[in-house]
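Letters A, B, C and D mark the chains as written, and numbering starts fresh at 1 in each.
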Amino acid sequence: MTDVLEGADAADRAVADIHDGATVLIGGFGTAGQPMELIDALRRRGATDLTVVNNNAGNGDTGLAALLATGRVRKIICSVPRQSDSWVFDDLYRSGRIELEVVPQGNLAERMRAAGAGIGAFFSPTGVGTPLAEGKEQRTIAGRDYLLEYPIRGDYALIKAHTADRMGNLVYRKTARNFGPVMATAATTTVAQVVDVVRTGALDPENVVTPSIYVDRVVLVPPEAAR
Amino acid sequence: MSRSLTRGVLTKDEIAKMIADDIPQGAFVNLGIGQPTLVADHLDLERGVVLHTENGMLGMGRAAVGDEIDPDLVNAGKIPVVETPGASYFHHADSFAMMRGGHLDVCVLGAFQVSVRGDLANWHTGAEDAIPAVGGAMDLAIGAREVLVMMTLFSRDGSSKLVPECTYPLTGVACVSRVYTDHGVFEITDRGVRVREAFGATVDDLRQRTGLALLS
Amino acid sequence: MTDVLEGADAADRAVADIHDGATVLIGGFGTAGQPMELIDALRRRGATDLTVVNNNAGNGDTGLAALLATGRVRKIICSVPRQSDSWVFDDLYRSGRIELEVVPQGNLAERMRAAGAGIGAFFSPTGVGTPLAEGKEQRTIAGRDYLLEYPIRGDYALIKAHTADRMGNLVYRKTARNFGPVMATAATTTVAQVVDVVRTGALDPENVVTPSIYVDRVVLVPPEAAR
Amino acid sequence: MSRSLTRGVLTKDEIAKMIADDIPQGAFVNLGIGQPTLVADHLDLERGVVLHTENGMLGMGRAAVGDEIDPDLVNAGKIPVVETPGASYFHHADSFAMMRGGHLDVCVLGAFQVSVRGDLANWHTGAEDAIPAVGGAMDLAIGAREVLVMMTLFSRDGSSKLVPECTYPLTGVACVSRVYTDHGVFEITDRGVRVREAFGATVDDLRQRTGLALLS
């Protein structure tokens, strides 16, 4: 059953049980699909020793970067940590205050998909013969080389969708969809912020992207409340 | 070892109702092909239970009648059904990812045999000339968080279907958590099989008839 | 680029290059999503020594059962061969005239998904401790047992969708979606029969289920032409 | 070994146009971040080329301007773009499945180095204090049917970026099929690197300057 949370403190209530040491999958590709209000609430929550999974490692001084700046993220798993405006992460990394696991973007997505789909591990074609193959089991199958990759599971997923119905079915908008549907399947508890909540039955069943079974909490962040 | 003990005390519908009553509010549930589909008739939809069907749907409703019948909308048994508000469709890999990824709260399956440690045999009689058909049974057996079995306690030859070890080929290992039968409800626990309820028989009767050291 | 074929012989033209020995993935779960006209065209085509992948092994005397009855299918890979009306298959099987690989339905779907996604093999939770585990590599990962499963690739996929646009984007209808989207990704050449073809741009990009990249040929079978 | 040979003869736009002209009709194409995005400006959309972007879209159009800018519609470089008729959106796992499954006809990537056997190095300089960022480069390198590289032939220090063996950490092994540079176009073949075209230099000039036994 999905809880639909509304009101000024909805985001804070939605992340209130995220515990120290939790692994948190955070959606978004750059700012598209990034659940800003949920990340801010997680920062206010104050849980420490977190592992964060995101495509990037924060941009500028807001959102994920602001969370990293608190020093409460022990490790980040991402494909593109360094960017022109990733100074918060860069500083933490260079001073040895954050652990980094760089994962090719396709493996990042597929490893979370595997977690959600009950796959124990899979042989991936990506990264063979590169430094990222170090320590990984390699196998030749039907004449091609693969590396064995393991699932990435989250205790929580914080994602951004566009519209939810009251049951928790989700649809997304354009390329803001990105990691959201995959992360929703890979976490024990999935929290989705949306700009609109509609009555159950208002979404066409053919067009639901994330079925309600994957969504535990919906947080309504109307456009005027979003930054 | 009377005939009356072999014949069930509860009807299929009564067993189905008992299972339906045990399904928690808001659960996501898959009902296997055959007898378990009867459970749907007893589910109080007000309690927000959502039915999954392996062929790519959440929010499956009851059997379709009359004009509702649509060949593009069927359940796992290929019976036409209706859609409920809040339903969604997805393809087969996504449907089984949902199942195998542990997202379904409950599934209800029929069985040829269940062992005291919860092994399930429900896909193959083991007969030499039988053509095996596994469908989604093995995926459900390992995928749902709770696997409930609905079956008669005794087969037609009078032998218990709750057994020390399955003699039929297995569907899944140590996957069943509770067995609903016409003679009683059995919990598979780490310490053994516990009789939760017995119908028209004492636990001792059931011990004698099944040959199992049932806990009470 | 997707070819859109129309007219009485469209289905025949669409399967005209299916060669002897081909592996053909055929969509459908029972009759829902079964591409009847394409199967009939494949039967008329006369290619022999085929391997067919379908959830079932034919029902009654039409469609897949009629194809099997020609004796030109060497092997079938499916999850539910025997049903009350699978007499054509039953007879072939019992007389040793067809090879059968029974695959749990989830592995059937996931193995085709793996083929489409470039995965070399994957550890599946299904079938451990059962007769279907025989000969398979087993491994314990994080305390759970898995079996190694390999991709199923098709030379051709014959599927049924509801509507295509001129570029080959597809949408499906209700549970007739089933194996179609997965098979489309797993075959070298995908042929989709549809009941409607619309102009490019008429399908909402948010709601496309099978992107055009996976579709090589669209065959228009208007409702009045379908049985 | 003149300065004029180190400075390219072709501009980035001219290289991009050459690549665009080589992309077959109806191809599904991914353009990497940075210089390769210039190729989009030279693609004749009448030829039915469809652009894929790793962040979940087929049918990506040109950069968005003015009111077209939508923060929910960006390319892999996070630049706002527009959608073309026949576009589709999908999630990240589906997007990379499309890439890794070998469904893209062509991708165009930048490079630090390409080896004579087609090894690609474009993600990491190997410097001790560099923070590595791999993105989707390794997936594209092994996923696209044809991997084209767009780069200057020489680095700022004058050394050839087409090399006998990459000294930078690899992105992919034996994956590049053709290299477009400001001095020439190079085909990676089983027998070695063949100069398809040379600009403002003879093949011998290029042999001498790169130190490679180039085929002509």
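Heads up, the rule we're going with is that a contact is a pair of C-beta atoms (placed from the backbone, for glycine too) under 8 Å apart; a residue touches a chain by one contact, two chains touch by 3 or more.
Treat the numbers as computed from the prediction; the structure is a model and nothing was measured.
Asks: Show which chains lie in contact with chain A and also with chain D.
Replies: Looking at chain D and chain A together, the chains touching each of them are C.
Asks: Taking each chain's centre as the mean of its CA atoms, how far is chain B from chain C in angstrom?
Replies: Whole-Å distance between the two chain centres: 29.
Asks: Where the CA atoms of chain A average out and where those of chain B average out, how many Å apart are those spots?
Replies: 35
Asks: What is the distance, in whole Å, between the centres of chain A and chain C, each centre taken as the mean of its C-alpha atoms?
Replies: 33
Asks: Roughly how many whole angstrom separate the Cα centroids of chain B and chain D?
Replies: 55
Asks: Listing for chain B: what residues touch at least two other chains?
Replies: Residue numbers touching two or more other chains: 57, 83, 89-90, 96-97, 99-100, 142-143.
Asks: Where in chain C do residues touch at least two different other chains?
Replies: Where chain C meets two or more other chains at a single residue, that happens at 110, 113, 117-119, 124-125, 172-174, 205-206.
Asks: Linking chains that touch, what shape results: line, ring, star, complete or other?
Replies: Per interface graph, the chains form some other shape.
Asks: Can you give me every chain pair that touches, using the contact definition above?
Replies: A-B, A-C, A-D, B-C, C-D
Asks: Under the stated contact criterion, what part of chain C meets chain D in this complex?
Replies: Within the complex, chain C touches chain D at residues 1, 113, 115-119, 165-167, 169, 185, 200-201, 203, 205-206, 208, 211-214.
Asks: In their shared complex, at which residues does chain D touch chain C?
Replies: Against chain C, chain D makes touches at 25-26, 28, 48, 50, 52, 57-59, 83, 85-90, 96-104, 142-143.
Asks: Which positions of chain A touch chain D when the two form their complex?
Replies: Residue list for chain A touching chain D: 29-33, 79-83, 89-90, 93-94, 100, 102-110, 112-113, 124-132, 172-182, 209.
Asks: Could you pull out which chain B residues touch chain C in their complex?
Replies: Residues 53-57, 70-74, 78, 83, 89-93, 95-97, 99-100, 119, 124, 129, 131-139, 142-143, 169-173 of chain B touch chain C in their complex.
Asks: Which of the residues in chain C come into contact with chain A in the complex?
Replies: Its residues touching chain A are 110, 114, 117-125, 139, 141-142, 144, 146, 150, 171-174, 204-207.
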